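Read through the structure below, which is laid out as structure tokens, and then see the notes.
Naming follows writing order (A, B, C and D), and every chain is counted from residue 1.
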Amino acid sequence: MNFDEFGELAGKLIQENHAKQALQALNKQQKLFKTLLSQRLLPKEGYSDQQIEALLSLFASMDTNNYENHIGIGEREGRVYSNLVMKRHFHLSHGIGRSGELTSNQPKAAGSSMILQLTNYLVNHALQIAGCKNVKKSIVVPMCTGMTLSLCLRTLANDTKQPNKKYVIWPRIDQQSVLKSIDTAGLAPLVIENLVNEDGSIEADITGIEKKIQQVGAENILCVLSTTSCFAPRVPDDVFEIGKICHKYQIGHIVNNAYGVQSKIIMEKINKAIASSKSTITCFVQSTDKNFMVPVGGAIVASGGECEEFVDKVSKLYAGRANMSPILDLFITLLSMGANRWKELLSEREDLFQYFINKFRTNETKNSNAAENTESSSIDTSSTNSSNTSLDHPLITGSNSRNHISFALSLNMSKEQALKLGGRLFYRNCTGPRVVLKEAKKNVVGIDFLGYGSHTNQYPHHYITLACAIGIQQCEIDSFVQMFFKEISTLTTK
Amino acid sequence: MNFDEFGELAGKLIQENHAKQALQALNKQQKLFKTLLSQRLLPKEGYSDQQIEALLSLFASMDTNNYENHIGIGEREGRVYSNLVMKRHFHLSHGIGRSGELTSNQPKAAGSSMILQLTNYLVNHALQIAGCKNVKKSIVVPMCTGMTLSLCLRTLANDTKQPNKKYVIWPRIDQQSVLKSIDTAGLAPLVIENLVNEDGSIEADITGIEKKIQQVGAENILCVLSTTSCFAPRVPDDVFEIGKICHKYQIGHIVNNAYGVQSKIIMEKINKAIASSKSTITCFVQSTDKNFMVPVGGAIVASGGECEEFVDKVSKLYAGRANMSPILDLFITLLSMGANRWKELLSEREDLFQYFINKFRTNETKNSNAAENTESSSIDTSSTNSSNTSLDHPLITGSNSRNHISFALSLNMSKEQALKLGGRLFYRNCTGPRVVLKEAKKNVVGIDFLGYGSHTNQYPHHYITLACAIGIQQCEIDSFVQMFFKEISTLTTK
Amino acid sequence: MNFDEFGELAGKLIQENHAKQALQALNKQQKLFKTLLSQRLLPKEGYSDQQIEALLSLFASMDTNNYENHIGIGEREGRVYSNLVMKRHFHLSHGIGRSGELTSNQPKAAGSSMILQLTNYLVNHALQIAGCKNVKKSIVVPMCTGMTLSLCLRTLANDTKQPNKKYVIWPRIDQQSVLKSIDTAGLAPLVIENLVNEDGSIEADITGIEKKIQQVGAENILCVLSTTSCFAPRVPDDVFEIGKICHKYQIGHIVNNAYGVQSKIIMEKINKAIASSKSTITCFVQSTDKNFMVPVGGAIVASGGECEEFVDKVSKLYAGRANMSPILDLFITLLSMGANRWKELLSEREDLFQYFINKFRTNETKNSNAAENTESSSIDTSSTNSSNTSLDHPLITGSNSRNHISFALSLNMSKEQALKLGGRLFYRNCTGPRVVLKEAKKNVVGIDFLGYGSHTNQYPHHYITLACAIGIQQCEIDSFVQMFFKEISTLTTK
Amino acid sequence: MNFDEFGELAGKLIQENHAKQALQALNKQQKLFKTLLSQRLLPKEGYSDQQIEALLSLFASMDTNNYENHIGIGEREGRVYSNLVMKRHFHLSHGIGRSGELTSNQPKAAGSSMILQLTNYLVNHALQIAGCKNVKKSIVVPMCTGMTLSLCLRTLANDTKQPNKKYVIWPRIDQQSVLKSIDTAGLAPLVIENLVNEDGSIEADITGIEKKIQQVGAENILCVLSTTSCFAPRVPDDVFEIGKICHKYQIGHIVNNAYGVQSKIIMEKINKAIASSKSTITCFVQSTDKNFMVPVGGAIVASGGECEEFVDKVSKLYAGRANMSPILDLFITLLSMGANRWKELLSEREDLFQYFINKFRTNETKNSNAAENTESSSIDTSSTNSSNTSLDHPLITGSNSRNHISFALSLNMSKEQALKLGGRLFYRNCTGPRVVLKEAKKNVVGIDFLGYGSHTNQYPHHYITLACAIGIQQCEIDSFVQMFFKEISTLTTK
């Protein structure tokens, strides 16, 4: 890429030395882009919006719908009626992939195809930075995590070519779309009930998984669908140990890592399984929006080790040309962040997670004093980290827990009060906290669950679970804690 | 919605009479929006971009991520890192639906939810205008047509609760993603080979469908997957007749109407089946981008008559919160068009289709004269519409054909020449025409096809197929025809 | 400009043949830009938005504020706080010119400087196309027409270096900002009252101008400030004849051509004066928004013939670095139009002007019939073009008039009715028509005017004046005419 | 403003409780806007982009060009050809003011008029926060500082109605556009040479001003044009003392406060003069871009005390309807900042100014060590603040100086080396530092200056002057200092 002729012409329009200096800048910018194309890694420092727009403009110029004097005699020519729509897509209208394959080049859209390829490389790099150093291939699928899990399950099912392998072993996690993804794939779940630990944490019953395999027969089991990102007091599945069982019985292992990218501990655990020859992870799936601060819309399928090629099979099963929007969002965002900011965001979140938990510890004294006055303290965090932690205490899972994204507080109040608390927080513009009642029931895809929401049939408390997700601001935490104690106090004094 | 207080304050900042006049304008705009919310129909006249942005701004203000002093304590709070990304989504970042259902309200995003509901209503109205008066429910699915067909097939399969119903009868159409959609759904296709008519047109073998049902057993057959939008010389399936068979054997009938919305004849045929109590269409699926001039990314599932509720079941099977981008594109576009422009676009396309075909008729004389000089005329359109049309003649399917979107020209040249022609057109910025060779072979999802591309094992010609799709400009047709004859002449005189 | 290295890298990310085709497109785009830079003419066909954005992106990359790792240690470094603001300026924040001169290169902003230079060339070309073939230099000044006229007057005054030359001869035109521009320049106007012709048209008293020069003394007179764009029934000044007087007495001649670019007849008259060695036009000034459909904000100073260099002097008097916004708007717009669309817009306006006038002729019969019923016809257009046109008749100036942008209708009604008419039209979202009362009075910059608005002390009618400006739509005319007659009928029957 | 009807309709489209919650949010937003309209102060916390766009959308809906079914029959109807242009102006195309006055309501553009009024209020508040508590009226003029000074001078000249008052006393400041502004106004400057203090600082000769008035005669003098924002080693004029002289002789006093808003000390000095009945400031003028981080384009004229009404006279002299772009930029920016961020930005700049100067102190030791090796130390900052500071030392003006925006370093090197230094810094993407040579000459508007750039005929050093302007980042300072010493070292060792 050189701009010599351009420079010469510029030097006739403006002063030659200014043109020369500007040309130097243009060449530097081109060098930046070249580095991106050749290294295919997150830039160290994020791009400015101007640089991003310059690059998108370059790519848009490569798509046939933007050709000068383009003639479209097909049924799909990237025509866009509305200027507002065209502008918001940066003139990229052709989508990605071909009917043959999600990651195929789209001949009518070379620029869009390049963005797709680059995004897959950049996202792979971002996963490596997040702690999964051995991930080899990542693709962004323009569907939500649930539908993408479903596509992965189906890919695995079609790939085995054994129609009897229709069971998916699923350690219970009370989040609907995962369970539905099995149903959407035309497969059947085998629910493994969780264990409740003494400290109140809930975890997958790994020996239960193996028992189930033996009981149903490995020849009938397609895979285990494990989960790493879950709301406390449930803790992430130990994907390395589960992977060892899958390896032993030669069945698949798909990991629902929806928002696990933001936890170094989760990513390193996944990495351990991928890197090991004794533990299997067929692929792991994560949401784009939950981890990368983009609008809802995409998921990332990633794999490494022996299963590296599985990602390509997923890509090939996607039927049709796909929506580019989630890929474009991620491309812009990753360029804008750069590696350094991405690292910072990850570590800021970890710090704020500690900060958030400490806020409740800090409130202990204040609160127990307040409690003396109000007489019925609903919150007592005094002994959370002491040896005699009991389930009566609010900080069910804190910094010692194995869940590093969310934590839970027991709510020692009536069901009505607990529901009211949830409602009042929402009313006061606080979204996200979930109040979980111990006796909830729900039927999902034909299966009846007891204690739905708490991941186990009988949990001893109502509780509220709070997440500290990437991008959270300290001021949000401060406001929340203040509001929370105020509401608790109001509710319990009435 | 009144703005009285606002008007009063405005009257203190600027002259009172100007404030009053402006208030009147604001109230008119609010009335426009109220009409939209209450009638839920395409506005007669399209909105201006300013009006659209004002409405989107209103909706965006309703989503929690835009609340003043919003506190997000969940794992998914609509945070967006990049300004470029936020702006392109008009500050709507929460996606649509809940894990429970695609068309459910998203509690964190009331504005986005309203856009979703309205878009579904507007698109239903647009389908009615296009000729399918009896359509009752439409939903926009943020996946491509292929994946959406797959979701519909899976919905039907799960709904029947009969695991042996795994076969999908599929009148052959040589377009990969449809066939793949069956595979992605975990089902098995039964290919019905097409009939080649004397005039060169290719159509589905309807009696063949019934025979196959009898042979395999209706109890094993989930549905017929028929196609209305196809490249000439294949003609659209007669969905009314196929629907009658489906009704007779009580099996499902899903119609791939990818780009059929732009043909009044197709839409009326679908309508006929929907309206009849003797013909079944479970649902029909169309692409958003192919019919509504938006970027690639969405599909519309629609239904009516006895199957009206099927659309809701599809919505419920979608696992997870979905990408809003294709819905937003369609919402903006439909408001921008309005009913009047939508009708115009439809009829402009029909006129241009005739114009396009006539261009080849017009070129007859010119060309046959030219032919005398070049000695080997590759194009002879002289008798297209006369009674003795033979397959030697280029206009295989013209205005008398049953395909009203595309038409085909036979290429009386060698395979090499035909391939070269395709390449040269692409090289000259013409995209869309497909050169189809008679002896092509391909394996798709494990099935071997002969004559792949021509929808039949043995077609007597190489040919080129040309589409006249919505939004095409007359100047594109003019340029194409000129270029085409020039290339033909160059190729055949060499 | 070549993209070879880029192409090579692209060919490794996507299929080589697609990369090659895309490179060809990139090269074509670069060629387009090169043509613009070397020819400096309006492109024949307008650019697409995508092409414009690609070009702006290129230029933005040349401004120092967008340099990678830019270090700003000055008081003005192009920093922009708000993303919304940065985006709307396409990342161009440095303005144009230097303290030394409006058209100087800004060393910190090579890209902005190029846009400025190109815009001046393009606008010069647009003026040539509009009929002023001999215009040599044009600059866009980011101030309104009035302030720009003031700058031109001041430039002329400073240039003569004769402090006694403080009078500006000004054929009366009842539009405040022109008169104020003389005041703002610190000069004194000498008002020349107009002549009222028998057909009701009003024109400058050219012999009056010469008399005034003789009376006051040419040594005291800086220039004549004539006007070409005015509301009917005033007609444009004959700038050629006025120019001859200016030439004879060796005084300046500045032409206020605010919205005259859209009239071929005006532009050719200006051209005649410029081309002639016996007639002087120092410079002529026009609004950007009134002629080129951009937001309000800029003016164009143009010159040719012997006064070609005057434009540079104006540029040098501008004190400070200037706002780029009006230049950017014009640049985008001219590229978007291209020469062909610009020509079309000009001729469409001329056709619609005839159409508009004919509408009143067409309404004659209808109206005179209606009039019979309502008894007091306020509108009688029956004899407009016949020899015995009298001032009683509404179409004071029609197609035979020398005003080709606006025309006037006499209002044979009371002052109250006439005022009410104006109010009602505005109330019904019709802006632009001016109801002019014969007895209006006003003091502008210390001068008392009688009959203010009608350009003459005593005009025999109230009238309404209607403009047909560039960009007007036929539907606006249709709606207006219908509404007008309805209101007239309502007013006069009451 | 209430949205009750809207809420009702929304409650039918989506769940009622979600609609209700969203309505509450809409009402909160409306309340925010109401507060803005009624208080007319900077919001405490800045608006989000979404809120700003919502507000702009509301205002745009009030302008006639956006009316539904608008009919334009005038010569200026806000028509915009290009979508790109329309979008970047948020659909506001009518500009501001009327031919009568800059701050008049524009009847066709009520929304734009409101933005103008609000911006003037907000900017007045921002000036108060910056330290000028007694400012009463501010208007944003869409022209650069120089042209605006010219308009103010002209306003004053026209207002006095004494044509002999044509002299402007001007304490020398070597920045072209200020001097040109006098010329552009058709007035004549009387240059007052500055004093050079022992510490190297340069300041206005206040007694020289009074002497000049006595010498020329107050009856011939229009005003003093003083300057507060200047590059070190020149220090800001003492506007309070100058104002006292102006008050004594009853002449005007216009203050060029181009980028002085960012210095609390300057603003408080202006305030002192305004508040006092013994000191006159007719008005003070500042750049929008230099103080508020918007693109180049506007200036603010402000006044208080006895001269409060002068601002209105300036507004009335502006001839024509004006460009709104700089007002819009400022409106968006001020809303986006809010009072809190504005205060932060001001204090951050002050801190960084100290940081910047300290960087040179910190480098002393390092550098003097380096100097020992290179033998000819060009930089010696060792005794800057000690009593025996001599002019040989580089930090001519540091933290003890009366210039709180910039500081200067003497360059003990040859003219060629000094020039080279400037060139090399620019080449390395560093803009802003000015290398000033002692023997420079220049003619500006006919006046010959010696030592041009250094504000005095004979300055003992070459020097470099460095500004620490609002918005500067610490990393820019760090990079600069590193680069500077490297270049110095390279230059002096060669």
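Assume contacts are C-beta pairs under 8 Å (C-beta built on N, C-alpha and C of every residue); 3 or more make two chains touch, one makes a residue touch a chain.
Remember, predicted model here, so these are calculated numbers, not experimental data.
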| item | value |
| --- | --- |
| Chain labels contacting subunit A and also subunit B | C, D |
| Pair joined by more contacting C-beta pairs (C-D or B-C) | C-D |
| Subunit A and subunit C: spacing of chain centres that average the CA atoms, whole Å | 56 |
| Whole-Å gap between the CA centroids of subunit C and subunit D | 32 |
| Chain centre separation in whole Å, for subunit C relative to subunit B (CA means) | 46 |
| Residues of subunit B whose C-beta touches two or more other chains | 21, 25, 49, 53, 64, 67-68, 83, 87, 107, 426, 429 |
| Residues on subunit A engaged by subunit B in the complex (per definition of touch) | 49, 52-53, 64, 67-85, 88-90, 92-96, 99-100, 107-108, 142-147, 149-151, 154, 157-158, 175-178, 180-181, 183-187, 229, 231, 258-259, 287, 289-290, 292-298, 317-326, 329, 332-333, 336-337, 405-406, 426, 428-434, 466-472, 476, 479-480, 483 |
| Subunit D partner contacts - residues on subunit A that touch it in the complex | 21, 24-25, 83, 87, 426-427, 429 |
| Residues of subunit B that touch subunit D when the two form their complex | 1-6, 9-10, 13-15, 18-19, 21-23, 25-26, 28-30, 32-34, 37-38, 48-51, 53-54, 57-58, 60-64, 66-68, 83, 86-87, 91, 105, 107, 110-111, 113-114, 117-118 |
